[in-house]
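Each structure below appears as structure tokens.
Here come two complexes built around chain A, the first alongside chain B, the second alongside chain C.
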Partner chain A sequence: MQLITILIVAFLGAGIVYLIGKISGKARDILAVLASLIVVILVSLAYNQKIYTSFYPLPFLNLSLTLRIDPLSWFFAIAVAGIGFLSILFSLEYMKHYQKLDFYYSMMLFVNAGMLGVVLSADFLSLYIFWEIMSWSTYLLISYKGGKAVGAGLKYIVMSTVGSIAMLFAIVSLYTSYGTLEFSSLASLLQTASSGYILFLLIMFIIGFGIKNAIWPLHTWLPDAHAEAVSPFSAVLSGILVRIGIYGFVLVMYSIVGLNLLHKLGYGLLNFNYILCWIGAISIIIGTFIALLQDDDKRLLAWHAIGQGGYMILGISFGTTLGIAGGIFHTLNHCIYIALLFLVTGAVEYRTGGVRDLNQLGGLIKKMPVTFIGGLIGISGLIGIPLTNGFVSKWLIYKTLIMEKHPFLAFVALIGTWGTILSVYKFLHNIFLGQLPEKYKDVKEVPWAMRLPMIILTSVIILFGILPGIPLNVISGIERSFGIKPLSTIIFGMPREIGELNIINILAAIVVAGVFIYLIFSLSTRSRRVNQYDNYAAGSFIPKDKYQYSVRFYDPVYRIIGPYLRDVVDDFYYWLVEKSKSFFQGVRQIYTGNVNTYALYILLFLAFLIITKIGWGLW
Partner chain B sequence: MVIKAVWIIVLPIIAFIIGVFFLGLSRKVIARIHRRYGPPIYQPVIDLIKLMNQKSISHGRLFDMGVILSLAGSIVLVLFIPFGGIAPLSGSGDFLVVLYLMLLAPLGVALSGGEGANPNISIGISRKMMLSLGYEVPLLFSILAVMTYYKTTSLVEITKAQQHLSWGVIYLPLPAIAYFMILPAMLGIRPFDIVSAPQEISSGPSVEYGGRYLALMTVEHAFHTFIVLALFVDLFLGGGNPFTFFVKMLVVFLLGLFIHAVFPRFRIDQAIKYCWKWPSILALAGLVIAYVVA
Partner chain C sequence: MVNPSLLIAVPLAFAFSIPLFGLVSKKIGKYIPVVALLINVGISFILIPQILKKPAVVSIGGWSPPFCINLVVGPLGVFLVTLISSIGLLVAIYAISYIKEEPTEKYHMLFLLLITGATGIVLTGDIFNLFVFFEILCISSYALVAYNKDKEGTEAAMKYLIQGSVGSSFVLIGIALLYGMFGTLNMADIASRVTSADPTFLFISLAFLITGFGIEAAVFPLNAWLPDAHSSAPSSISAILSGIAIKTGVYGVARMIYTIFNADGILTFIAFLGLLTLLIGEMSAFRQNDIKRLLAYSSIGQIGLIVFALGIATSLGVFAGLFQIVSHALAKALLFLAAGYMIYRVGSKSIDSLSGLGRKMPLTSFAFTIGSFSLIGLPPFAGFISKFSIVYAAIQVKKPIFLVFVVIALIATVIEAGYFFKVVQNLYFKEGKNVDNVTETSGYIIVPMIILVISIIVIGIHPQFITGLLKGAAGELLGRTGYIGWVLGGS
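Take a look at the complex of A and B:
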């Protein structure tokens, strides 16, 4: 009952918001926030419960639609609900100047409801239905702004449909083989299946979920979609919607197929996990290093979303206690900091009149300190600086890679992090640091409705960074439910048998050292505050508004690595589109529009049939 | 417990003394190679005291905090890296933690400098970032070779496995050579002093620093020198007791100075290409060998 209530609230909320919007804008805003908040509360009440309900027996196929909650689905549901709530809160001010707000809020709630449905489903049919609701409402939201966004949306929906079809293929095949689509019964039925069949299922699901999760080489829809969507929705899209793909991977690989079967897939060195690892590794390299070349702040983050997705795949594809924990934890962490970063870019857009070009911003730290802190903590999480959440999950992943003796993968993961540092520093520097252009000198901090979501996300990053035991505890619950040895955790880090990591000591050391230096710093001769134009340039004077050294900030590196960093896959898809266009052009020639020709076709076909018939008769 | 607490206080002081000594020594040695007389070895100490009492300017809160973060990061790092078998906080963080903590210092400088709004700073930071991307490739290869060979991510375990002269450099010569080749890039000394490059970009990131800021940056540099050398000794030269550890650090440092002091400064693209060529190839070969052997 409880699960049905969650979904009813989520879906009804979306519908009612649309209708109320026709009457009053204010009421719609309040209702949208309330609806998403109630969902958060309902989901958090379901913590640590195990519920299974069948809510609609289908009159055909002998199936019924079912819902369930277990540690895995709760974990993703709370992330969906939380990010959904915060981005709707953020939208209140951000979206004020846009048209068609009824549609926007209704679709935001619809996407959330769809995602909740996906993670709460207990059988593949309900999952598929909610998956489609989610995909289509995402499409509508991506193209919401019109213009370029429509193209981005189309690209998304075409790829998403391909994924859905692959998934449907697997689902239908499961149904015809086993007559049921429930996860729990499939999990036991599949244990006797042949390796070939399992491999087929996994590949189909990986195409389906992988397109959503934007793993290389299925990632090409993501940069356009992220850049063109409105910022609060980019936060949802990049934060959690894309990561429903990871949910799918974990669900299929560990909850249904199971570790025993996975280990059997492969010949010698070439096994399934290993190939998946390398796909993750390639995603890391492609994502983080192409991000380095971007000048559009949202596009830069979008490429990181691809890169960080690679880390999650790396983590979960190993199938060890540490690896799965790292992968799932990184999914949560990524969801928090990337949502924060998209909200930060949204806040900057809001105050600068929609500027996304990194080369035109600068110096906003003095005008928007709260947003700056959000940006700083966000990028620290993305890099994985100690004391932020990204650190612990990356540590788990690296540790897995080294302990499982995969130094080359570990190298890829580590060098990906160093590439990340370069591009996110450029992100922070070009928006907030450096010289403040004259045109932004009256910029103010964003209103509270936008500040609050950023502050909440910032504090969660720090909280999970210092007390990683809180989320890791839930994650070990997930591992227990898969029948894998659960990760044993302590609140501040890892117990000694797993590895040396105790955040509280690191925190204490940094705080003590910082305070000590601060004391020395304040005791020595005071310094004088100067403005941004009062600085040393070897006797020459620094002109106003001419200082933008961030244009091609890493030029020598671009020149060395730039030629290798083309998105070949995207080019390939476009080539494919061009070629198929001319092919279909050719096919079109058949349809001349002349009735006589069609009559001729019919005649020829009949003649063909007669001839074959006679031919058969003769044999 | 008490001993540990004492070491937590004493070790940064030792690191500070050694680091400052190295700074003074390097100026003297380079001067002698250049056939100059050079300043006295205790010159950095005089400078520090003088700088602390000088006037300076500030560009804002982050400008101050970045410098403090940078130095704090370096001091904390000293507690995680074994110095002659003493590593009071090594139980709270392994080598991966050390690698990440090494980010705090450059990040602090980059943030602080960013608020300085000076073109020279931006150029300097951009060079620093690119240079570190350059030397991280061979560095990560050689570090991973060590971790793979000893099958642990703990620095204490790595040094423990190298006792009785079974030094890492004997078993992993290629990664050791690669690390040695990028040592000056990590230390920011010739021919890799691209980041500061006083003649081109007026000391780069530290151009706006004066007085106490410059003092803290000098101290940070001293700590950084200590950390980079200590890591080398721990990874490849078997640690030792505090005294032999210091001697090993000194030898590595002097060797690095002698070889590199005679080179003129690289351009940034040359430096990156250098790092990605020979050191990377050697370190990668070392990693492959370690992977096969271990």
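Take a look at the complex of A and C:
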């Protein structure tokens, strides 16, 4: 009942918000925030519960739709609800200048409801239904801004449809083979299935979930969609919606198929986990290095969403206690910091009149300090700097790679981090550091409704960075529910027996180092403060507006790596679409417009039927 | 029990009364189809529970079958009649203010005749009678396609007429062959004796009948008339043609194959044909910039899906095919009605010119969106349940060939999604050019659209409303001995 209430509140909220919006804009805004807040509360109340309900029978298919809550679904549900709430809060101010707000808020809530449905489903049919609802409402929201967003939305939904049909195929095949779609019964029934069949299922689900999760080579919809969506929705999209794909992976691989079967898949080196982790590794490299080439801040983050998705895949593909914990934890961490970073870009857009080009921004640190802190902590999380949440999950993933004896993969992951550092430094620097362009002189910090979500997310990053035991405890619960040996945790990290990680030590080291640096600085001579525009280069004076040394930041790097980093897959898809279009055009020529040909078709058809009968006795 | 023959008699009588009423008042004519079809809807809803308990066989002229023309009202018949009269009623309401070009009373008369024909086709138990009703349907649709009296419509109607006549004569030849073999025209009687005939002759007759009905059913390669006819007819007629008329063709083919000839061997071929139709329809629709042509090609695709599902020939497959008939009829009628009024307001059929209508005509655009989502097969709309059932049915037969078919059918869905999503984006997310003065539809136009939207959602969320009826109807198609038993007694 509790779960049904959550979904009813979520879906009804979306509908009511739309209707109320027709009457009053203010009431709509308040209601939207309230509805998403209630969902957060309802989901948090379900913590540590185990519920299973069947809520809707479909007798003609002999099925019924069911919901469940277990550690895995709760973990994702709370992330969905939380990010949903914060981005709606952020929207209040951010979206003020946009049109069609009734539609916007209602769809935001609707997407959230769809995602909640996906993670709370206890059988594949419900999962598929909510998945599709989530997909089409996402498509509407991506296209919302018009202009370029329309193309992005179409690309998204077409790829998403491909994923859905792959998933549908697998689901229906499961149903015809086993007569049930419930996760729990399938988990036991599948243990007797042949490896070939399991492999088929996994491939179909990987296409389905992988397109959402944007793993290489199924990632091409993501950069466009993330960049063109309005920023609060980009936060939802990149933070959690894309990661529903990871939920799917974990669900299918560990909750349903299970480790035993997974280990049996493959011959020698060519086994399933191995291939999956290489896909993850390729996603990391492609994602982070293409991100390095971007000049559009949202596009830059979007490519990181692909790259970081690779880390998660890398983590979960090994199926060890540490790896799964790392993968899932990284999913949560990514969700928090990438949402924060998209909100930061949103805040910058909001104050600069929608500027996303990194080469035109700069020096906003003093004007927007809260946003800057958000950006700084966000990229620290993204890089995985100690004391932020990303550090712990990346540490877990690295540790897994090393313990499973994959030094090469660990090296790839390390290179990925290196690329990440370069590109997000550019992100932070080009927006907040360097010279403040003249035109942004009067920029102010964003209003409170936008600051608050950023502050919350920033604090959570630090909180989980210092006390990783809180989320890791929940993750241990998830692992326990899979029947895997759970990760043992302490509040500051992990105990000694599985390789110690204690944030307190790191904290102490950092404090000591900080004090040391401070001492050195205070002992040395005082630096002279100069005006921002008081600049000279090679002895000559530079006009105020010309001097911005972060423009074309990585030009030499571009020249070296640029040619290798074309998104070939995307080019291939475009080529495919073009070819199919001209093929379709050719097919349409069957209808010549000449009625004589048509009559001929009819006669030929009749002749075909009769001749095949008399000639070969075919029918 | 209400006499089912009223279902045919009422629209026929009202049809011919329209010119008479026209003598009294010009304005009355447009309300008459609504009245007639309201009666029909009422009768069919009363009949549903009774027929599901016990099918009715109505003999006309007091002779008992097989010596007379008789109506056989089984679950399939009553299901199709309900669909025909409901969609007909909604379209009739729409036409009250949509049809403005004179002479309107001719339009309304022809429209009612078309409905009469469609109703007769699905109810009759006599194969020659079937042919007669089929002709009534076809001839009135030829005339209605050309109703706008423009060049395009006339040309389309002419082409339709030529191909339709070829089809009708094939049907007639097929019937003649049957009559020659069995000396009877009663479908149940033929069905009961079909094993006694020479299989080759029998097949030739079937081939003629399949081809003949296949033309109206718009199965590839017999469907070349459809894109022209459906796109140049007035939109209300396009809705009827796409929603109902082509389904009677499918009914004809299905009735021949399943009930009369029991030709199991050809079913896989029929499924293949359906698949081909689906693919070609969707591919042709993809590049269209004329909204009505796009919808017409999409009808070809959907009819292909229906035929494919019927070709699966399991009870679930037939059930899914019939479900698809319902969801396509609702969605396509809705799409044509919505598109029709958008075209009327904007004055152009090109998709580009519909940009930005989402703001100007919110209800109509919303209706269009729901219709296209349902056709693509997205939950929670009716199309999802039917497409899911089709996929399920096809995989359930556990034949490798059907697995291949399903994959191809699903790929066709992607193409379909591609163009429908593009149109929806056009409505909502693109800047309109010349739409400043466009206003929302009103009154009689909006009512049928709202009803269709609601029924698509309601059936999508609660399919149990119609599954009982559909199961019965599927049972009728697959259980030919039962059908023979109802008509000839005993068994």
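Here, the second predicted complex is superposed on the first by the 595 of 619 C-alpha atoms of A that agree within 3 Å, B and C clash if a C-alpha of one lies under 4 Å from a C-alpha of the other, contacts with A are read in each partner's own complex, and residues count from 1 in each chain.
Following the convention adopted for this analysis, a contact is a pair of C-beta atoms (placed from the backbone, for glycine too) under 8 Å apart; a residue touches a chain by one contact, two chains touch by 3 or more.
Please read all numbers here as calculations on a predicted model, not as lab measurements.
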Which holds for A:Thr525: it touches chain B only (first), chain C only (second), both, or neither? first
Answer with first, second, both or neither: which of chain B and chain C does A:Lys399 touch in the superposed model? first
Touching A:Ala599 in the superposition: chain B (first), chain C (second), both, neither? second
Applying the touch criterion given at the start, work out whether A:Pro447 contacts chain B, chain C, both or neither, answering first, second, both or neither. neither
Chain A: partner with more touched residues, chain B or chain C: B
Which partner chains sit in contact with A:Gly562 here, chain B, chain C, both or neither? Use first/second/both/neither. neither
Taking the superposition as given, does A:His429 touch the first partner, chain B, the second, chain C, both, or neither? first
Could you list which residues of chain A make contact with chain B in one structure and with chain C in the other? none
Inside the complex, what are the residues of chain A that reach chain C? 58-61, 100, 128-129, 132-133, 136, 139-140, 143-146, 149-150, 153-154, 157-158, 161-162, 165, 168-169, 172-173, 175-176, 581, 583-585, 587-588, 590-591, 593, 595, 597-599, 601-602, 604-606, 609-610, 613-614, 618-619
In their complex, what parts of chain B are in touch with chain A? 8, 12, 52-60, 62, 64, 67-69, 71-73, 75-76, 79, 89-94, 96-97, 99-101, 103-104, 107, 110-111, 114-120, 122-123, 125-126, 129-130, 132-133, 136-137, 140-141, 144-145, 147-148, 151, 153-154, 202, 207-208, 210-213, 215-216, 268-269, 272-273, 276, 287, 290-291, 294
Can you list the residues on chain C that touch chain A in the complex? 158-159, 162-163, 166-167, 170, 200, 203-204, 207-208, 210-211, 214-215, 221-222, 224-225, 227-228, 263, 265-266, 269, 280, 283-284, 286-287, 319, 359, 373, 376, 378-380, 384, 388-389, 391-392, 395-396, 398, 406-407, 410-411, 413-415, 417-418, 421-422, 425, 428-431, 463-464, 467, 471
Partner chain B, residues of chain A touching it in the complex: 363, 365-366, 376, 383-386, 391, 395, 398-399, 402-403, 405, 407-408, 410-411, 414-415, 418-419, 421-422, 425, 428-429, 432-436, 493, 496, 499-502, 504-506, 509-510, 513-514, 517-518, 520-521, 524-525, 527-530, 532, 534-538, 542, 547, 549-550, 553-554, 556-557, 559-560
